[in-house]
Amino acid sequence: MNAIIISALWGIVMMFSGIVSGNKSTVRITAIVGLLLLLVVNWLDMTGVHLFNVDSHKMLFFDTFGLLGNCIAFASTLLYVLLSGRDIEKVGVNTAEFFALIFFVLCGVSLVTTFNTLLMLFIGIEIISIPLYILTGADKRNLKSNEASLKYFLMGSFSTGVMLLGIALLFGASQTGTFFIDDLGVGKAALSPLFISGLLLLLVSMGFKVSAAPFHFWTPDVYDGAPTVFTSFMATIVKAAIFIGFIRLFDEAFGDSQPKWQLFVAILTAATLFIGNLTAVFQQSVKRMLAYSSIAQAGFMLLALLSLNGIAREGLILYAAAYSLATIGIFAILIKMKDYTFEGFNGLAKHHPVLAATCTIFLLSLAGIPLTAGFFAKYYMLSAVIATGKFLWLVIFAVLCAAVSVYYYFRVIQAMYFKEGDAQTLDQGPLFRGLLVFVAALILLLGIFPDLLISKLYTMIYIW
Amino acid sequence: MIPVLLIVIPLVSGLIGFFLKNEKSARGWSLFASLVTLVISLWGLSLSKGSALLHADVEWLPRLGSRFAVGLDGMGQILCLLTAISFPIIFIATWRDEYKKAWNFYALMALSQAGLMGVFLAMDALLFYFFWELALIPVYFLCSIWGGEKRIQATFKFFIYTFVGSLLMLVGIIWLYSHTADHSFSLKSFYELRSRVGSQDQMWLFWLFFIAFGIKMPIWPFHTWQPDTYEQSPNATTMVLSGIMVKMGLFGVIRWLAPVLPVGTWAWGDTASALCIIGMIYASLVAIRQDDLKRLIAYSSIAHIGLMCLAIFATTAAGLQGVMIQMFNHGINIIGMWIVVDLIERQFHTRKISELGGLAQKAPGLAILLVIVALANVALPLTNAFVGEFLLFSGVFSSTATTYSAVFTAVAGLSIILSAVYTLNMIQRVFFGNTNALTEKGTDIRLNEKWVLAAIVVLILVVGIYPKPVLDLTKETVETILTKMNYKL
Amino acid sequence: MPINYYIFLSIALFCIGVAGVLTRRNAIIIFMCIELMLNAVNLLLVAFSKMHQHALAVTNPNAGIDGQLFVFFIMVVAAAEVSVGLAIIVMMYRNTHSIDVNFLNRLKH
Amino acid sequence: MHITQILFWSLSILALLSAILVVVSKNPVHSVLWLILVFFAISGHYILLNAQFLAIVNLIVYAGAIMVLFLFVFMLMNLNADTEPQKNKWLKIAGVIAGGSLLLVMVAALKNADMKNQLAEMNTGSIGLIHNLGMVLFTDYVIPFEISSVLFLSAMVGVVVIGKKD
Amino acid sequence: MSNIVHLVWLVPVLPLAGFLINGLFRNQLSKSLTGLVGCGVLLAAFILSLLMFGEVRREGFEPVVVSLFDFISVGKLHIPFAFQVDQLSILFLLIITGVGFLIHMYSTAYMHEEEAPHYARYFSYLNLFVFSMLLLVLGANYVILFIGWEGVGLCSYLLIGYWFKNIDYGNAAKKAFIMNRIGDLGFLIAIFWMINQFGSVTFGEVFTKASTVPVAALTGITLLLFVGATGKSAQIPLYTWLPDAMAGPTPVSALIHAATMVTAGIYMIARSNILYSLAPTTQTVVAVIGLATALFAATIALRQNDIKKVLAYSTVSQLGYMFLGLGAGAYTGAVFHVMTHAFFKALLFLCAGSVIHAMGGEQDIRKMGGLRKHMTVTHLTFLVGCIAIAGIPPFSGFFSKDEILSAAYGASPVYYIIGVFTALLTAFYMFRLYATTFLGHFRGTHEQEHHLHESPSAMTIPLIVLALLAATAGFLGIPAIIAPHAHWLEHFLEPVFAGSANLPAVVAKRSAAEQGGNMEGMLMGISIAAALIGSLWAGLRFSRKPQLEEPTGFAAVLANKWYVDEIYNALIVKPLDALAKFFSGFVERSVIDGIVNGVGRLVQYGSRQIRLLQSGLVGGYILLMVIGILVLFLVELFVKK
């Protein structure tokens, strides 16, 4: 609860901070303060200190899984603002509003991670989506930005419709006429065709939000068209959060009827991995390549959904962390590049060794090479599926796709280290580089001692 | 204690090396570090088998049931010794090679050494996989940055190829892990699996591992990355690749495949052996046609590795013993060959056999040393390789794992003849005959190179004449592995 | 009324909406079709709420009321969406003087 | 045939027909009007189902506010029939087919739902009354109610960001 | 005095030392010093062997095994690095060191034109060769024997290719090495088989267990061993390398390709006589192959005009004789012939060497003739050699050859008839050679004639010594028919061959031979007659009009060695090369690598196609989404879970 309220309030604070002081950096500082505050209060929540005791009538349920998801979301947002805050200012004049929207999104995020009824899920997702439509179109003069936001909006609202139909059908199926996720599938309800249809429609709409094939088509265009800073935000924090919601929903509501839907998830996963990795191979622009790679990564995260077990839950948190860290880092570097194509990276190592080195670590992490967090993330996903004893074909397929992913990630490394050229970058301060190094170090640390994060989870998640 | 040192010293020295920003000091530093490593591994040799110093086991990932467990058994000893010896030799032999940003080069070399050591020392599957990859990454950069003109494609192919293999292996490892009694990656619990995993599962699991190792060795038909990579990568790296890295595959089969999945190994033994033999003959024949020295040696190496792999599947004491000693010998010999190639290339800037000739007149010293190394390559008696191949072949012949042992021996034996053919061709066309315009101004090798080669020759002869110590080193390992391999469901 | 009628009715409306989304190129019309889909859902929800009430009236007088409240929230959200959506469309119209969804087609492949 | 049934059928047919017309009518303004008609039909259904509050809100919010907004936009852009370029007809057909088959599939999926006996109770029951709805809304549903303010807030901010000239 | 035998390890070590000294300090040592070292070590070795011989010849001497260290020991298999001294090995020891010493001495003069480093290289190789040869004969088990076996192969490679600037010589060397390798493979497999059968490769154990293993296994092992022998001792089908090996310096041909190395095969089979006697099939094969080789090589030798080539083929033919002897069970005879052959063939080669030396490198006998006037010693010694090889009593060749022939008759009259015919041919071509070279009048250029001279004493002394041996060595083995119990050699070697001699089958055969004892005189007469006819006919004919015209018809076939090399080329070398070309050119590039790269290309192609789904049109996207939903529902409806 703390996080939800504080984020909402701080959103308003941000709105006014713009009016109070024209100075953009103060706005940014305020945002950073707000994020720190969010982290603290969220942590307090985890430790059982509730600043506001509001009776949510079981509409929200605060378990460690969700709160940890919040933690990761807030922490990565903090990193994101620290790394790319200045670039947000560059997008348009309404910096304060952008930050405000970001905070509203965070509010939605904390709803999605802790919802207990479909209503809250719906509202949360809408609170996330609507600001994102705006942020996508934030670069008003840029036609690409317009196009992206239009596409995003139309398809987003379409998927909302689908989701609502699903919810309605589930409501119809439920015995007691309720939206509480833990009463949905009980009793005869689970047998009704309404139930399974509703489930499928929810799967589709949630799949749309996490860009699972064949509902991923918005992703490349939107990520490509949106201002890069906001792409970074969408691709990491939002996606990770919605995934947590996704897992939560299917675990609580449909956990018992897993055999009914496992096959569908398997199909979606395979399709996502296939399309994401394969399409990324041919891209010429790194930004668009990253969009497709985010689809591919989503495919891996879907493996956690496929096999809803302890390993999967831990793994998802780790994956979210690893993926967010690496992607935020790469986008932070990408923003600094003058040319987003692969050629734009040629010879980066010569001129900006630090950027190149850290970028390499991020890419290795995304590719899942050992010694980086990405390896353990992927490792967990694989072992989660293997633990179920089924879908071995999917595991093999997944690793083959991972091998394909190496192809396009390493194209960047090759460009930076082995190709001749002079990569043009915008100026970046020592602080920026320091932060990059910090993030890289974090990734390596998680890659060598994932227990730092996991063993805590372990204890927590199994209480839940 | 010692295993940790063997990993940490190269690792740290490498990391430091990145910041030395000066060619000379970097070179000296890495040579010094590698010598220290050598001393450590010799110290390890001097200790008795039971010594506590030979093992280390630290908490690493308790949640995953994976520990930082490293240890030196017989096989580890011999392979670590090989690694430890090779690097100083390589550094000295290529002392005069020029690299841009040399400090990075030497640092990466040291890192790859750390990775290799780790692979040979790991007593924990996950750790093993870690080092398996860790050894790959530096080599990838070494080849792609300092390699030949087609380096990027060639090395990338190599990387993807091996990466696919290792990912399959990862799947296998995880599967096995999820079936261990105590959910642990430790070698011990993996060895207990052979009774818990049904023969059906062992059948397909075998390939998950064997493909990974087969690509690394490489076994026909997974070999095509190798000649290109050797050809393109800088000589020092080629030495590491062919001298030590290919042993990772064999090592993997001996430690992580055959004893863990004995039934699968048994069932697929003939198929795998057939691949090995095809590879031997095939590679030898291809080698005959090669004009580039590096490619020739690459293919000859494929043939030799095939023989070793064949002997593993024979599951005989002699065969395994032969593999152990031959892994060492092959490493030494082929590094010797590469050194010669390196010298030739540095002098004449070509590796084309057709462009060389008559070197024996200009560089008698080089010629003599090469001839000895080459003779070791064709396993002439009183060279180290003879002992190895003798054991390998006798192991294969007396194998009870297959019904075709005699056929295998006979067909594989043809490679002995073929190896003589291409090796002598090479010697003759490079060193004998008359000099041409290019080799006219050739000179004999310098002292340091002469001493390095001499050291290699001495190793070759000593092991060839008195192999007993080396054989005794691995006796126990062989017996334990053998008992595990002979397990039946 | 048997609930099936409502189910089929609203699904029919929903699918008409979908068909509209697929067949038109005018952004606003598409958007309207989406609204149509939402209304279909609303109708369904109300019908279900009544169904639940009918079924559970004895135990709980307020049974099924959640359905109607959900409809209320859907309307809320729809209103918000409309405002944003129209804003976006207007913005696009400003830049391109067209509301043809296929007019802007820079992002592809 | 009972009066409510007659109403039900007529309203349903009205809703469907006008919905189809929304889709097919060339002139956007016309389709807006047809859509309003759909809303009226649906409100009628609400009344049949004794959900007066929703019926009213539906009319006010949708038919009243939202549709007017749409109309405004149309006026703003003064678009008329032939401004919309024709989509190539294959895509049109594909769309229709897709929609139709979606209908088919869902009907197929739901037809054998054993709900023959399940009835949607007509023009009785009190839950649809504003009093009960209000009670529940401001007790159990207070959280979502408050939260949706955030939604509006963000929408507002967004519209400002997008809409205002700079 | 028994300790002297335990010093046996010194015998090989001495030449090894010589090799190291000459090899490492080849740039420092002066020629004379090099020669001194080279010969010195051999002389020392020879004296040592003599001392040991004195020890060994005493009655009731038991074979001594001197084990130096554990070479390979794995599991149950133990292969010590051990030497065995018994009558057989001591005999070979004497031949090798003795003849070896003479040839070293000869070489000091013959190779005098070489400059110092190469001179030293030559001697170091020669010493290395002697070392490996000694390993071969001293080894107490098959592995050590094999080490020597391959060692001598290497040395012959090095020495044939001694003049490495000449590519043809290099090729000859390569050919020699590879052909030997083929044989060696057989040998190796035989060893593995032995390890499998006997669990050991030590002579003692193997021979004692021999009678316990099935005959089939023995046959296999012995045949494989024999394959090894055909390679090393130049028998059909692996003989073609030997004539080419004449590329090497003449003393080398004398030492390696006449006196010692090529007889390794005979030594090995004689050493494992028990195995062979237990495998009659193999014995037949050995006999037939030997006989065939003898005849075949003899026919080729008839029309060769290169003085060394003639000798080379005669060597092949004589080796054939020895195998015939082994096949017929006359191990003593074979060894006897090895010894005598070592003397007279070495003599002949050295003479040829001195002729070539005098002719300034000319080897074609058609350009010689009438040399007897110019080089007396060479001429006389060569004549002795010819008589000896032709088998005319009382020279050594007669005795050894006769022993083999009579044994052959014991085995089967056919052997005998062909053998005698071959003997006739031998006499014929040897005297053709002698006559064309030394009789008649000189046919070379003028300055050659002016340059003609007798060789220095360093070369003539060995000739004379060898001539004496060739003339007299025969009396070591006087047949029983002439003087009973005078066959010293048989008596001496008895303990070695006792094992096989007492096998029931062999005993029976011998008794049968005793029945036909009276035949022996007649047989001897026939062979003498054959030898005389052949030699006189050839001598008289070619002394008057030597054969200068190019051969035609069948003669051409002979002159071209039955085109065997060409046939091998067409049947083995070419196809293999084609196969290699096919592999490296097509399979490697197109098939295997093609598949690997193909996968990569497939991915890229797929990527290029799939990205077209991303049409950029919202309608299309939503359409695809709807289709996705449809698919899910269809799966739900129709896929039974």
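As written, the chain order gives the labels A, B, C, D and E, with residue 1 at the start of each chain.
Everything that follows uses one rule, which is that contacts are C-beta pairs under 8 Å (C-beta built on N, C-alpha and C of every residue); 3 or more make two chains touch, one makes a residue touch a chain.
Remember, it's a predicted structure, so these values are computed and weren't measured experimentally.
Participant: Can you tell me the least number of steps between chain B and chain C, where a step is a move to a chain it touches?
Facilitator: Graph distance in the chain contact network comes out at 2.
Participant: Give me the chains shared as neighbours by chain A and chain E.
Facilitator: The shared contacts of chain A and chain E, listed by label, come to B, C, D.
Participant: When you take the mean of every protein CA atom shown, which chain's own CA mean is nearest to it?
Facilitator: That would be B.
Participant: Determine which of the two chain pairs, C-E or B-E, is joined by the larger number of C-beta pairs in contact.
Facilitator: B-E
Participant: Rounded to a whole Å, what is the gap between the Cα centroids of chain D and chain E?
Facilitator: Chain centroid spacing, chain D to chain E, equals 104 Å.
Participant: Chain C to chain D: how many Å between their CA centres?
Facilitator: 6
Participant: Nearest whole angstrom, what separates the Cα centre of chain A from the Cα centre of chain D?
Facilitator: Those two chain centres are 32 Å apart.
Participant: Please tell me the distance, in whole Å, between the geometric centres of chain A and chain C computed from their C-alpha atoms.
Facilitator: Measuring from centre to centre gives 27 Å for this pair.
Participant: Could you tell me which residues belong to chain D and also touch two or more other chains?
Facilitator: Correct list: 87, 91, 94-95, 98-99, 102, 106, 109-110, 113, 141, 144, 148, 151, 154-155, 158, 162.
Participant: Would you give the residues of chain A that are in contact with at least 2 other chains, written as numbers and ranges?
Facilitator: 119, 123, 126, 130, 133-134, 137, 140, 150-151, 154, 158, 169, 196-197, 220-221, 407
Participant: Two or more other chains touching the same residue: where does that happen in chain C?
Facilitator: Counting only residues that touch two or more other chains, chain C contributes 3, 7, 11, 17-18, 21-22, 25, 30, 48-49, 51, 53, 55, 63-64, 66, 69, 73, 77, 80-81, 84, 88-89, 91, 101-102, 105-108.
Participant: Between which chains is there touch?
Facilitator: A-B, A-C, A-D, A-E, B-E, C-D, C-E, D-E
Participant: Any idea which chain C residues touch chain D in the complex?
Facilitator: Chain C residues touching chain D: 1-9, 11-13, 15-26, 28-29, 32-33, 35-36, 39, 42-43, 46-51, 53-55, 57, 61-66, 68-69, 71-73, 75-84, 86-91, 93, 99-100, 102.
Participant: Where on chain D is chain C touching in the complex?
Facilitator: 4-5, 8, 12, 15-16, 19-20, 22-23, 28, 31-32, 35, 38-39, 42, 45-46, 49-51, 53-54, 57-58, 61-62, 65-66, 69-70, 73-74, 76-77, 79, 84-87, 91-92, 94-96, 98-100, 102-103, 106-107, 110-111, 113, 115-116, 118-122, 125-128, 132-133, 136-137, 141, 144, 148, 151-152, 154-156, 158-159, 162-163
Participant: Contact residues on chain E for chain B in the complex?
Facilitator: 69-75, 77, 117, 143, 146-147, 150-151, 154, 157, 161, 164-165, 167, 170-171, 174, 177-178, 181-182, 184-185, 188-189, 191-193, 195-196, 576-577, 579-581, 583-585, 587-588, 592-593, 596-597, 600
Participant: Would you tell me which residues of chain E are touching chain A in their complex?
Facilitator: Against chain A, the touching part of chain E is residues 603-604, 606-608, 610-611, 613-614, 616, 618, 620-622, 624-625, 627-629, 632-633, 635-636, 639, 641.
Participant: Okay, in this complex, where on chain E does chain D touch?
Facilitator: 619-620, 623, 626-627, 629-630, 633-634, 636-637
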